[in-house]
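In the two complexes that follow, chain A is the common piece, with chain B as its partner first and chain C second.
Let's look at the complex of A and B:
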């Protein structure tokens, strides 16, 4: 395999590596006929990312030496990242980048041709590997939204960097809601601040989702893809389904496309159910209402809503029992390969008010490409190449 | 108990954000007192944790376009809340180019101070960010610990030099000693002093001036050149200085010999009083 990247595309490649490095420790590099693919998966197998750079992205692209099978390899993310560590350097000094994979020397060679004839050569040792392939299909997801990366980038700006998960949902008036997800701990006295962002549907290029749907996923990986999309000034699509089903984030361009598949929390969280509660609806008023309506909306807010007994501790039982809406049948996860019974078991305890169900991400999108019938049960970390032994 | 308020003016909003940033630097958790005319940020540390106290007061009229509150009862028309000051400052940070900001008391899943911000966006659409800051309502019987501190009769009262200058001096002193001696007299001299076994460092500030009223009620001591000194924890003093991002319009330091040092600052229409007890 040999490919040559020139000009601004070197930085694009570098950016892609940066966002992949937020997910996994190993990078799977696979030259395909339709382009060079860079993939990774995180250690808990709950996040998968894939960039595919089309042959047109490169000045020169040769998937395999003629007469040979294409090689693929697995390298340490750290060592590959170090080549592209400084994006400023890539932009200012690197004129072209040549990546070649040679089976005989067992080395992945990355050469950076810089200004003034400086040439930096990185010889990275690699391991042979099977193809890393997650099983997902954006088309099978019931809900989809698409927006310029800038809109989504601004939307997550209010959230602190330390925040692990965020809930994305559709509120009243088809407003898109992002809310910081807090793990409910029964005895925690220190509550964290809850931040919520509500964006009008008109900021989205496409929005196919009913009001009330919501998923919770990890913010860190999402930030990774988002920063790539923002720098490339592209739109980002989010395909999602019922809670617990993976959410698929995609970027498509003529030269490249990227897929991030993130696990979502499998419980219908209290947080997401709140998206239907009247409280939130007030915050997310009807679409046709223009901006002044929010101010009115504020004035109409029931100031009496807050009345508490003074000298005693505050009981919030009442508010907690309210949002215990059980999932409507339409929202039940329709699993093709996932373990059906487990889903149902989990849905039950959540209907008991005040009992927070255990937080659980699952890695169900790692169904094997070799034996799709034997997809891993639960979160056991089984990669495609290993699952043969199971069957 | 009810409270809601609204800011639409950008300058007021920035000013309020600056105040909240200052509070976040001065105190990890603070008490917010809401009364019909004023907002107060209060810190009253236990003696065990340093005994620093703070009383920051702003007039609501100068900030809010709308302000409605109803206290615990007609005769006790106030609300006392405890909150993490960083939460408030973080919430206000997102309001940098906001069209309007509203603050209200709510009880969503837990008692909250809800800050909702309507952002300006490029398109005509509106974006709303809502922050629910968890609070604890402070019961009536604890209010007495959170009253405006009385300023003790001081030995010396003096205007402070530029706070940034003091900060850079104290930052370096901190590397040598944990104790700082602040001393001043009624001739406008202020000294910051550290002493260790090996070295004694003093920074002298001259001709700072003394507020006029102080010389009148100055006690029996008739010698204006006599220094009044107080030993304080250098970190507490540095924390106070770090909180002052903008040099105040007025800054006075009152020293009660070997008891307490009291700082009285005025930032436009926000007043801040800060007390650091003397080390014994």
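Let's look at the complex of A and C:
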């Protein structure tokens, strides 16, 4: 793989890396025919982000060396971010950025051609990996709104930086409401203030949602995407459904696409509440919701709308990566689209401690699926064995 | 300033007296070498040299020549003392460290001699602060024996070009490798960190390159933790001269222009981390 980014697009790329870095610790870089994709997923698998830069975004784009299979790789987010750390520097001094992936040397080489002929070469070591893909369909979401990133960016400005989650809902008169979300356990001093922003429907380019619907999601990831969208001066679409179902945030442009899929708090009491009332009552069973793959939740939901990550690992590193995808047993029913089996039930307790989700977020379901290009024997059987071993 | 004059009437008692209209001309230079708590000061009639050392491997010298001061007298040469640099800098910025337009802090500095404190009289807007800082037994400083006749490679760069490089150094790398060569890559800074290696290449015909005199290829490694503090001098400077001698010792000389347009120099010496390998 080889690609060349020039001019202002270097900063756009840098910005995208910055917003990805708010989510995951590892970056999946995959050259595709329709562009270069950069993806990440957070450790609790409740947030997934994907940028796809179209070939036109680049001065030169070559997905694969002719005669060779395209490579994909996984690198530490920190090391990739360090290349693009200073956005001011990217804007002021970098003229060209050349990224190449070489299977023979096992290095991802990022070369920055700067002013005065200075050249920075970063040789980053990477790991082979399978494609990271989330399965989601914005079209299946009941509600959708679209606004210039600036409108949403200004709306979240008043929220304290320490605020973890925000509730987005549709209030009376079709006004879009953003309200700081408070945890039940929060002490009274924190609880003392609720910040709420209300935006008129006229500020939205599109607004298809009924009054009364509301979802709660993490602000940190949202901020990351917003700051990217704001800098690129693009509109942001938010597709969402009932609480607990993932919300999909998208940015679309002729040169790039970005999708962020964030878990939402599963809180049935929320949508029926009047958005103006800060009191959020909570049902007792909700306390159990921290079990990520709670069987009841699992069975009751429309499984297809959940994200399914297809991450498999090849060869030697398989054993190393396995713990991070310990939720994988949950996936098998997805693949088969079959009902829950007894075995899953048994595997459940052992998988949950591996990936404690933040707060009461329902984790999005990820797992391992065979990559078609690779050995059909893939790791799925291995995963099953592991699960049994643990159980 | 009648008060000041009274206090320092018996000027002949002092082995060092100096006065300065703008204290920042001194404090800025001292900040450039402030990476250790203590410094050794040497004063001769030419000016003051302040030395800071670390790990017997790196030495920084700041030269404040007599011309920077409005008045500068040394009775018996050389005047030597060790002082807590942190305390000295705190005192020099006692009226605030950020400059306010049109307001200058004036300084009068006196030192009576061995065993006496260093006296500072700082005046701003008619307010005078008197500071007495205890001096300490001067320590012997390292002699790097860096002689210009042994210099093999020498480059003068505009500091701008190196500033960003030093601020972004991959600190997970233990060493900074400096390659200087008459052939490609001419001047290269490399780090070898957890994430992989990074190389920063400067072509010899770059506009940043004020002069390029490299006679033979040298690849030397220096402890990054020892070189990183020189960033303080780098950010203040306008030009930097990078030299290596036949032993691989590194000399970094920073040219710093003060608020009055006068030039001062700060110099860092560093010894190489290991014997350079011929193959690289």
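By definition in this document, the second predicted complex is superposed on the first by the 271 of 391 C-alpha atoms of A that agree within 3 Å, B and C clash if a C-alpha of one lies under 4 Å from a C-alpha of the other, contacts with A are read in each partner's own complex, and residues count from 1 in each chain.
Here is the rule we go by: a contact is a pair of C-beta atoms (placed from the backbone, for glycine too) under 8 Å apart; a residue touches a chain by one contact, two chains touch by 3 or more.
Keep in mind that this is a model prediction, so the values were computed, not measured.
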- prompt: Looking at the overlay, what does A:241 touch: chain B (first), chain C (second), both, or neither?
  reply: neither
Query: If you stack the two complexes on chain A, which partner ends up touching A:123: first (chain B), second (chain C), both, or neither?
result: second
Query: Which partner does A:76 contact after superposing on A: first (chain B), second (chain C), both, neither?
result: second
Task: With the two complexes superposed on chain A, say which partner A:86 touches: chain B (first), chain C (second), both, or neither.
output: second
Query: Just chain B (first), just chain C (second), both, or neither: which does A:107 touch?
result: second
Field: Which partner, chain B or chain C, touches more chain A residues
entry: B
Field: Shared chain A contacts, counted only where both chain B and chain C touch the same residue
entry: none
- prompt: Given the complex with chain C, which residues does chain A contribute to the contact?
  reply: 75-76, 78-79, 82, 85-86, 89, 93, 107-108, 116-125
Contacting residues of chain A [partner chain B, same complex]: 154-155, 157-158, 160, 190-200, 202-203, 270, 279, 283-284, 290-291, 294-295, 298, 301, 303-308, 310-311, 314, 316, 319-320
- prompt: If you look only at chain B, which of its residues touch chain A in the complex?
  reply: 1-4, 6, 68, 72, 84, 87, 90-91, 94, 99-100, 102, 104-112, 116, 118, 121, 123-134, 137, 139-141
Field: For the chain C and chain A complex, residues of the former touching the latter
entry: 161, 164, 168, 170, 193-203, 205-208
